[in-house]
Amino acid sequence: MFSNLSAGALGLSLDHTTAIDHAAKHGFGGVDPDLGHFRSLGSPSAVAEHADSIRERGLQWGMAGLPVPLDGPAETFRSALADLPDHLELLHAAGVDRVGTWLRPMHQELDHRQNWRLHLGRLSLVAELLADAGIRLGLEYIGPKTLWSTERFPFIHSLREARELIAESGATNVGLILDSYHWYTAAESAEDLAGLTDADIVSVDINDARDDRELDEQQDLDRRLPYATGVIDLAGFMDAVRAADYTGPVKVEPFMTELAQQPVDEVLADVSRRLDRAVAAA
Amino acid sequence: MFSNLSAGALGLSLDHTTAIDHAAKHGFGGVDPDLGHFRSLGSPSAVAEHADSIRERGLQWGMAGLPVPLDGPAETFRSALADLPDHLELLHAAGVDRVGTWLRPMHQELDHRQNWRLHLGRLSLVAELLADAGIRLGLEYIGPKTLWSTERFPFIHSLREARELIAESGATNVGLILDSYHWYTAAESAEDLAGLTDADIVSVDINDARDDRELDEQQDLDRRLPYATGVIDLAGFMDAVRAADYTGPVKVEPFMTELAQQPVDEVLADVSRRLDRAVAAA
Amino acid sequence: MFSNLSAGALGLSLDHTTAIDHAAKHGFGGVDPDLGHFRSLGSPSAVAEHADSIRERGLQWGMAGLPVPLDGPAETFRSALADLPDHLELLHAAGVDRVGTWLRPMHQELDHRQNWRLHLGRLSLVAELLADAGIRLGLEYIGPKTLWSTERFPFIHSLREARELIAESGATNVGLILDSYHWYTAAESAEDLAGLTDADIVSVDINDARDDRELDEQQDLDRRLPYATGVIDLAGFMDAVRAADYTGPVKVEPFMTELAQQPVDEVLADVSRRLDRAVAAA
Amino acid sequence: MFSNLSAGALGLSLDHTTAIDHAAKHGFGGVDPDLGHFRSLGSPSAVAEHADSIRERGLQWGMAGLPVPLDGPAETFRSALADLPDHLELLHAAGVDRVGTWLRPMHQELDHRQNWRLHLGRLSLVAELLADAGIRLGLEYIGPKTLWSTERFPFIHSLREARELIAESGATNVGLILDSYHWYTAAESAEDLAGLTDADIVSVDINDARDDRELDEQQDLDRRLPYATGVIDLAGFMDAVRAADYTGPVKVEPFMTELAQQPVDEVLADVSRRLDRAVAAA
């Protein structure tokens, strides 16, 4: 696995070129691809050249966002599918092989079974289209009760549910986005991660939680940098990730708005160190 | 449909004989059967005689409790099944044709799909055994968010989910226990009840809600007598029940402990009047 | 309901204009729309004009083919979705409100559950897109054992399975294409049709079966004209259709290649008489 | 793994004591337990003594039949559950830890989904009761098309379906009975067996097929002894079983009535040799 700079996940407004420079400067192993930037390059061959230059700087690609809203209105979803081949061509040209999305853990109208069918049908189709382009899809379950309990029908908010959805899809190119924060707020343990393999994991996020809140009071968008509070057992989490022989990107997504107010170099140096600690530990 | 005296649902400790006397005295149309009392009579023929005497007093049977814990541990469930034929023989001898249970709307360990499978498998089996004895099974979904959100995995807490469970069971002798309190707390409307028929409903409960709480703050065990506060649209609810040509019992289940402190005759006269209003209204 | 001329279902190569003339001449109540012809008219407004002229001749629209292959490869399906809005605009302009497809009753690779998930996911999406255009979708289950048993995994080949698929889709604009031939070969009875309403049926086909074959030997593509052999209980079938208050098209689909060798007027006069008998009988 | 003498599977009418003697004499590693014999011993302690004597002769237990009809009528199933604890007590006393049953691959009334729900519900319950007694349950899927195509609704007849049923049951003590004959008739390959572990397999049967019939013409009850015709790739099958680190019994179930007409010692010596070849090969 490798540390990955995802400026968006850090809440930093860095354009793609700047993000790449920072990733190289601060010793990240990878950087998130930017589909918007790829489009601006004008052609698949230009994108391929761009990707070569990244690799020459010793960087790998992290994960792009899935350019299809899995649970959008039917027409929105259809329209995104119509545009999908163009996006996949660019991602393919760049050598990006991971895209991801999160699963909204509740719905005001669709009950658990209706929402499951919606996601399963959409997911199966999208996964097959991605597979044709050699791209894997990561799904992130969202753990905090303060989120899943806010609408009438709670939905997937645990590792087990996410794994069952993936298994039912029949897709072999779909896996998990494992975030220590969701794992913690879902009250899961290292045991729940046992048996996972590299094929089951598309991306890993490590974050810590506030130490002045109970588990069920933690907010999805108010976290702490990894190792900041020690609330989350990051050692146990990363041991399980290592036991899976995971080979992909590891990033931080703390939703701390104050990071954007601090000197970028300071923030990134700190984040890089924390990721190195997570990736290296044994 | 007919008004039904369910002493247990009112929180009153009346023995079966006393309950029958009160039902007759206060003009209820029916009274709940008491399987414990049936057993004490010693034989199916004695139970049949007892049932004749009830009918002679102009009373019908309400609904007995399902003598099997649908979601109990496997051995508890198995053991209840072993005893079931004896219970069914007594219920059959008495002419009781409705039993019911409620669906626990959350679980700390089983996620929605696992819990669904547990309920579906158990329900299908029990329903078939009841069908052989000519007995229908009512299932009550529980609406309050203050209950379904208290454990890790919310479960069935809406009419739609309950109907899907019943449909999947393939059983034709399973229907709903419709409680205005759950219908209200589940944020359902008269439209949700449209299309129901007598075959879909095994029992009806009418209750009102406290007027000093928001919908999502209502507690399952703290309700009001029907028409007490006007929070719940009982007119719309009963119109829908009538539109279904419902023919079964209607009872009150307010979970108001103070009722047990008041003079029984006063309480029952009041409850009977409220039920008459609900049953008669057109 | 009304008799409908579907030249394709009769194996006749009539262009759309000729088909319309024949439908009017031979007293059919409706005629199948032709999406290819609509496209050739160049614009939605030209299609609307064309549709007006049909209605002036006293004809209604039958059912168009669904322009999306429900079980095609993912990319084929995606590509058809990309084109769908153009097709729907033309159908909408013409006032066509029924499209249909059949369900392949077996698969060499996908087992029943995998194939169910494929169909359910695709169906839900397509149904929602059609609903936005005010169009209903009919699904035809295929009954003959000589077809469903020819590959490794039999799939939907009964009314009950088709109805469950539709119910699970959650769509209110999807219904059945009821074909007496499939109803017969699926060993179904009038009782199986009980309870259907007009909302459950998108199209009706009536055909008879060869009288020199057993039920399980009947071939999907070798049938007889309705009332030809009396093998199929068309009276019972049509009584059930009438009991559903069905208001849509009724057509014949005999797969008899000899019809194309006979004088068209003779064939259509005969077919029209047979449909009138079916539609009128009471 | 070890060779196992299952007299019943060979069509031999040997009482339990005789079977044990033969198993020891002909060098089998195990012998099937006989619940009827256990019952005749009168008490769990007598059964435990009996089991000790078996182990002293160097034999392990094979697999007992599941004493519950998974797909029987509800009352039959219930009644078997009522008796189950007594059976489990005896099996437990004997140290038997494997029971098994087969899955009927078709149904005249229940469609695939209805039958799935029936099996899933019953299986989950039975598995949990067995788990409490430390017993694993093996399920055998049946492959021949000449069987699954004989009734209206084909059911589970492939490894993949059987594995999905087991996974959905949520039980960790349920696995497969892998029979080379079903694997062959289901047109499966060594690849389909890849990834299985010892925990996934409860019993293994090896049989060969007639060489004068096509795959889809093979009859469930007309097989050949392993290595007799070479139709089935037993080397590939056993390699996959070995790759799973399988530790349980391997037996032969040829359904060849002529075996009962031959000298028992000759038959068992031959069967033992064939099993040794399968078990030993590397």
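Every chain is named by a letter (A, B, C and D) in the order it is written, and numbering of its residues begins at 1.
The rule is short, and it goes like this: contacts are C-beta pairs under 8 Å (C-beta built on N, C-alpha and C of every residue); 3 or more make two chains touch, one makes a residue touch a chain.
This one's a predicted model, so the numbers in the text were calculated from it and none came from an experiment.
Colleague: Touching both subunit A and subunit C: give me those chains, sorted by label.
Modeller: none
Colleague: Please report the smallest number of touch steps linking subunit B to subunit C.
Modeller: Tracing touching chains, the least step count from subunit B to subunit C comes to 2.
Colleague: Quick check for you: after a Cα superposition of subunit B on subunit D, what is the rotation angle, between 0 and 180°, in steps of 5?
Modeller: 180
Colleague: Between subunit D and subunit C, is it the same set of residue numbers doing the touching on each side, over half shared, or a different set?
Modeller: Over half shared, hence same.
Colleague: How many angstrom lie between the centres of subunit A and subunit D, each centre taken as the mean Cα position?
Modeller: Roughly 45 Å separates the two chain centres.
Colleague: Just the number, please: Cα centre separation of subunit A and subunit B in whole Å.
Modeller: The answer is 47 Å.
Colleague: Provide the list of subunit D residues touching at least two other chains, using ranges where the numbers run on.
Modeller: Not one residue in subunit D touches at least two other chains.
Colleague: Edges wherever two chains touch, nodes for the chains themselves; is that graph a line, a ring, a star, complete, or other here?
Modeller: ring
Colleague: All pairs of touching chains?
Modeller: Pairs flagged as touching, ordered by label: A-B, A-C, B-D, C-D.
Colleague: Would you tell me which residues of subunit C are touching subunit D in their complex?
Modeller: Residue list for subunit C touching subunit D: 111-113, 116, 145, 149, 152-154, 158, 160-161, 164, 186-187.
Colleague: In the complex formed with subunit A, which residues of subunit C make contact?
Modeller: 74-75, 77-78, 81-82, 84, 114, 117-118, 120-122, 124-125, 128-129, 132, 168-170
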